[in-house]
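Structures follow.
The same chain A turns up in both complexes below, where it pairs with chain B and then with chain C.
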Partner chain A sequence: MTNQEHEPLPDEERREFSAETGSLWRLTLTPLTWAMHLVLCYATISLACARQLFPVEVARLGLIGASVLALGFICWQGWRAVRQWNVLTTGVLTHPNGKAEDRHRFLGHAATLIAVISAIGTVYTTLPLLLLEGCR
Partner chain B sequence: MIAVLVMAGTLCHLAGSGAMIQSRPPETTALDIPGPVPTERPQGPRCIRQRILASVLLLAGCEGPQSALVPAGVDAQALHLLFTTMLGGAIVLWLLMNGFIYWFSHRHPAAFSEIAARWLIVLGGVVTPAIMVGALLVWGLTLLPDQRIAGNGLRIRVHGEQWWWRVAYQPPGTSGPIISANEIRLPAGRRTEFILTSDRVIHSFWIPALGGKMDMFPGRETRMSLQPETPGRYRGQCAEFCGASHAWMAFEAVVMPPEEFDAWLKAEAKDARPPQQDSARKGQQIFRREGCGACHTLRGTEAVAQVGPDLTHIGNRHSIGAGRLGATLDDIALWVRHTGDLKPEVHMPAFPHLEPAELRDLASYLKGLK
Partner chain C sequence: MIFRKPTPIRRPAPEGPYPPTRAMLDEPVPERLRAVQAARLRKAWESPKGWRYWSAVNNTEVGKWYTVTAFFFMLCAGLLALLIRLQLAVPENELVPADRFNQLFTMHGSAMMFLFAVPIFEAISILLLPGLLGARDIPFPRLSAFGYWCFLIGGVFVLGSVLFDAAPRAGWFMYPPLATEDEGPGSDIWLLGLSFIEVASIAAAVELIVGVLKCRPPGMRVNLMPLYAWYVLVVGGMILFAFPPLIAGDFLFELERSFDWPFFDPERGGDPMLWQHLFWIFGHPEVYIVFLPSIAIAAMIVPTVAQRPILGYSWIVLSAVGTGFLSFGLWVHHMYTTGLPAMSLGFFSAASEAVVIPTGVQIFAFLATLIAGRIRMILPMLWIAGALAIFTAGGLTGIMLALAPFDFQAHDTYFIVAHLHYTLFGGMVLPVIAGIYYFYPFITKKMLSERLGRRAFWLIFIGFNITFLPMHYTGLMGMPRRVFTYPEGLGWEIPNLISSLGAAVIAAGFAVFLWDLIRSKGDQPQIERNPWNAGTLEWAHDVPEENWGMRSIPHVTTRYPLWDTPGFLDRVDTGRFYLPDAPEGRRETLVTSVIDAEPVLVQRVNTPTWITHLAAIFAGGAFIFPTFHLYTPAIVSGLLAVAAILWWLWTSTAWPPEADSKDAGLGLRLPIYVSGPDSVGWWAVWITMLGDATAFASLTFGFFFYWTAQPDFPPSEALHAGAGTVGLACAGFAAGWALTVAARQMNRHACVGMARAGLALAALATAGGIAAMIVAVRPLDPTSHVYPAVIWALAVWICAHAATGIIMQLYCLAGSLFGKLTPRYDADLWNISLFWHFFMLSALVACALMGPAARML
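Here is the complex of A and B:
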């Protein structure tokens, strides 16, 4: 990568941006996990309680298992994001320049924060499963 | 400090909705303070005194028979503790935030180091709120099952109507339920279970001084239990908008020492008492003539209809019309004559053609139904 200013070649920007497609998608994985976990919890509990398709205790234990998986996945993605951000080795928090490296680290930074929120949200959704029993 | 008091006063005002009806609006309290009314905005200690006085007056609005802030039972106490803790926390946060604003704008306006600023954001904006909201969530979730713990035997079915309450007591070891309406009596120190249902729309059953609220659905049963501790009279209120007279859908909740309650329930199970005096006997004739029995039950008489509330022991009640009026002779007469004016869209016709003397006789008949 060079520091010199030059007229961008045609398509250069587009190619540079598309290099980050992967991490842009990864950014959405943790909130998606949170959302799916929420829908799964609500749907399963209501099928057990309102439709009596299966015992609620089974649903509860299954969902606690699903919560552990969801949290594990979010933590794993969060850890990948921290590494992409690369703050632990460089100690540099921000990425003010619009270069490819900055973009890469910025997306890691953003993904880290979103993973933190998703983890908190998933924990909050899981708490009723741990504290409430039955359909009440 | 003053601001906190004012804030607390306002909050109390919002929380004690029953008290809100009874107390004067806040604007008038400020004018009620003794002393000459100043034309200009008062300054200095006098102003502070007035504001403290105003706040104290506002805080007085927290009392009354329908206040969650004056708990009279185990369940209300638990909610009260949660509320005061949150209020205390909110006050501390408010002071901290404004303290910070003051400190950094007036006392220490120099630039803040970037590292410190970031730590402040991470700790104050992410870690602390996540922990605090999480702790409140855990606390709230552990309170939830307590709303439905099993009682000591007595069960009360309450069925929401537009806009009154059918009440049926089911003491353990008895056959049929004991039917009543629009007033709920409870033994102090015992836990009573409620089975809640509704007729056509959703209502919500709430006695703020005794505990939390629970919705009542048509075609579905919900349950809750209450353990009142302090004998006294409290006010319950429908807490889910249910039509024109929703605001008039209230009831008296009477907490009694257990022995008194048992005696009362025994009496409540009996049939209606025949009229004792002449006026009451005339009232009974009018009750028959006007066809009140087409909608009301008086157990032990030919009136057995269930359109309206059971009136068998209406004479013992503290209010009529689901908390709409008191229960004096005048109140009863007023109710029969001006039903629809008192309660919009009510499902009982008014009887404006009755003479004052007839209304008095009718009222003395009903009042005698102890």
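Here is the complex of A and C:
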């Protein structure tokens, strides 16, 4: 790449990043986890309460377990995203420039933030599981 | 012959230096060459003249028609609202009879949502997106023209019904059994007319997503995209997942209305709740589908006002993506009073509160940008400021309503009416008007009046609050929605009268705005090219107007090229960037890679035509005739629509070009024809099929919904679809799929004869699959119970898709025979294989449901 639109970043990894074709999908990984967790909660409680396939208390405890798994996955993805953002070593928060490295870190930054909101959403969904009981 | 190791055909790749160096960009273009190039470019992009003007497909024309039409429908729906307010101004009013009143509020809501809010997003995006991305046009101009004509026909049909006292009257969410039992064509007009428009919406979503992903200027990596493009991407994705459930719901609903298949009839095992789920899985994301693009306009205006780059770009991306996702977890908050378990309500209440976070983040990002910048208070900002104030107020009542216990009290009262109008006016109407003021010079090369704009703003802003603020109180006093009148002495008279007076003030504001839009501006001096001093690409437009969109397609290295890159405009204008010429006289734009926008292809885009009109008229017939139970004309019309679309595709898409590659400028040679994932057509199929798969998933959701909600589904003594024949159908479809994919590989390796044989056999196998499926379900009576009705609905869905698959196979076979499809030029085969992958998956699921699953559950 010959474009030199800005000074090199403090610790620029002087290598090319591949096109990261999958990374737009990666952005959606954590909110998808939130969504699947929500659907799982809703479907399981319906199956317990409307279809009475299993006791609701079992469903509730199982879903709390699922929440822990979902949160664990989101945190792991979030941590990977923080590493990609690389803010801890560079201290550079924003990436408005036109190099492959800027794009790479920007995607890390966006994925970090999206992981945070997905984690908050998952915690919110878990609250009724912790606070309520039964099929009323 | 199959086993011979074949040699793949060589396919050209981009050749030449990229990215361009400073020295290359600084090299001057000789004056004479510039003039010649500009003349050729102008000729290629010339608009048709006279009555042929209406055959135009260019995004600037189609976008303008689309915007004006949506705006016209909005004014009509506004008039209906004025009638509603007139009727409710005083108690026991006899101005509008109850039935008319039902039609008025149903049409007001339906038209505002389906004929204004969603279409205006598509309209504005079609108009702006190529400008924002420095593209010449959107990738499928004829598709957007087709979408527009569908929208016009469907909209006039649906809205026109109100003039004949035949409009839908069961509320904009058409709850069964009220809507299923309703006599007269009203509900059918709603279902069929709006389904027709939804198809157009999905077409626009496909177009816009592909536009954002593949038609960005070289160098515009994802971190440099204008925020509007991010929002378009998110909203396009949302449309793909939100509209199909409604289309599936409409499909079931219309089968019940027309053929008495009891999907929503509890006496025969149906369940009206299924409609509520399908409607609101669409309905709530819909609110964000109209909100996000409008707030995207704010995201374009705010940096210009602050005269600095946006603060928190990544945060706004988070906000768009996060809101897009979370908005799908809210639908049950419209159903709090339907008796679901408290825990289930809790999940959706929690999600409804969580969505506040990303929604708030973007507003704070805007405020931070304004605080950090040097504000130049331009008129569009006034509208944005008003919008943010009103939207925040609506958001606060939203937080209240997301709490189930509060909602139990306020449900179906005027409090809801107040809340939803605060969010929609603040989140949609005012930002869109701000956008019209801001982008008017870009669209028409004229300016709107500052003075009239301020007057319109204050009238609408004050009138809005006079109308809707008291409604909170009226609602808390217990006034239900949708009553056509109310008795004296309940304390509702004064707030209702105030609301009605306020409505008149809003109307006055819109009258001023309308006058500003339509008054003659012929005597206005030529406007500045960049009147607001904005930094984004669209302001590199040409004044006076040129049809080519961009004189040359720039190489972009920053988010605000007009602010940051010295000499940028000059390079665009002199044709120093890509595609400065049209030597073959063809309309062309640049296709780039998804993440980093590296040049991939010179895309030939289509020219004015009447075939889109014919296709839209016939497709309209296929939807409109069934409203009056005229099924034969509907089928004929549908077949003609298919024929028109095939003609359109055959004559103007994916023909082998005159050369493999061409000079794209700056020393870069790019292919003219690619197939598979590099091509825009493949992406369009991919995205369309994602929406199609969502609709199919909604149908299977219906199957499992009945199973969950009912103790006896499938009924224990029920007749099932024949196991052997379902297996046979599955085998037929699987063979159709395998042979299609094999044909693609054969063709790619120059085994043309084998490929043709494969396609022919594939069509035969698929036809066999259809026949087997019909035999499998024939003994079942779909009117007797919801179980056979669901099985039939699945069979109809699968067979219709299989028939489409056969058409595709035969189309490619014909293409191969007539030299349209060759081993080198095989985009059609790639695209239909993609359709077949998706279809195979849904056929497998359907056969599994009809065969083993139905017997085991």
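By definition in this document, the second predicted complex is superposed on the first by the 118 of 136 C-alpha atoms of A that agree within 3 Å, B and C clash if a C-alpha of one lies under 4 Å from a C-alpha of the other, contacts with A are read in each partner's own complex, and residues count from 1 in each chain.
Operating definition for what follows: a residue touches a chain if its C-beta (ideal position, glycine included) is under 8 Å from a C-beta of that chain, and two chains touch if they have at least 3 such contacts.
Remember, it's a predicted structure, so these values are computed and weren't measured experimentally.
Colleague: Based on the superposed arrangement, let me know which partner A:H95 touches: chain B (first), chain C (second), both, or neither?
Modeller: In the superposed model, A:H95 contacts chain C only, not chain B.
Colleague: In the superposed arrangement, which partner chain does A:R103 touch: chain B (first), chain C (second), both, or neither?
Modeller: second
Colleague: Comparing chain B against chain C, which has contacts with more of the residues in chain A?
Modeller: Looking at chain A, the partner in contact with more of its residues is C.
Colleague: Which partner chains sit in contact with A:L131 here, chain B, chain C, both or neither? Use first/second/both/neither.
Modeller: A:L131 contacts both chain B and chain C.
Colleague: Once the shared chain is lined up, is A:L24 touching chain B (first), chain C (second), both, or neither of them?
Modeller: So A:L24 only meets chain C here.
Colleague: Going by the contact rule set out at the top, does A:I120 touch chain B (first), chain C (second), both, or neither?
Modeller: both
Colleague: Which parts of chain A are touched by chain B and by chain C alike?
Modeller: 120, 124, 127-128, 131-133, 136
Colleague: Quick one: in the complex, what on chain B touches chain A?
Modeller: Of all residues in chain B, those touching chain A are 118, 126, 130, 133-134, 137-138, 141-142, 144-145, 148.
Colleague: Touching chain B in the complex: which residues of chain A?
Modeller: 93, 116, 120, 123-124, 127-128, 131-133, 136
Colleague: Which bits of chain A are touching chain C when the two form their complex?
Modeller: Residues 1-3, 5, 19-21, 23-24, 27-28, 31-32, 34-35, 38, 41-43, 45-47, 49-51, 56, 60, 94-98, 100, 102-103, 106-107, 109-110, 113-114, 117-118, 120-121, 124-125, 127-129, 131-136 of chain A touch chain C in their complex.
Colleague: Taking the complex as given, what residues does chain C use to touch chain A?
Modeller: So the residues of chain C touching chain A come out as 19, 21, 219, 221-224, 309, 313-315, 317-318, 321-322, 325-326, 328-329, 332, 341-351, 353-354, 357-358, 556-559, 593-596, 598, 707-709.
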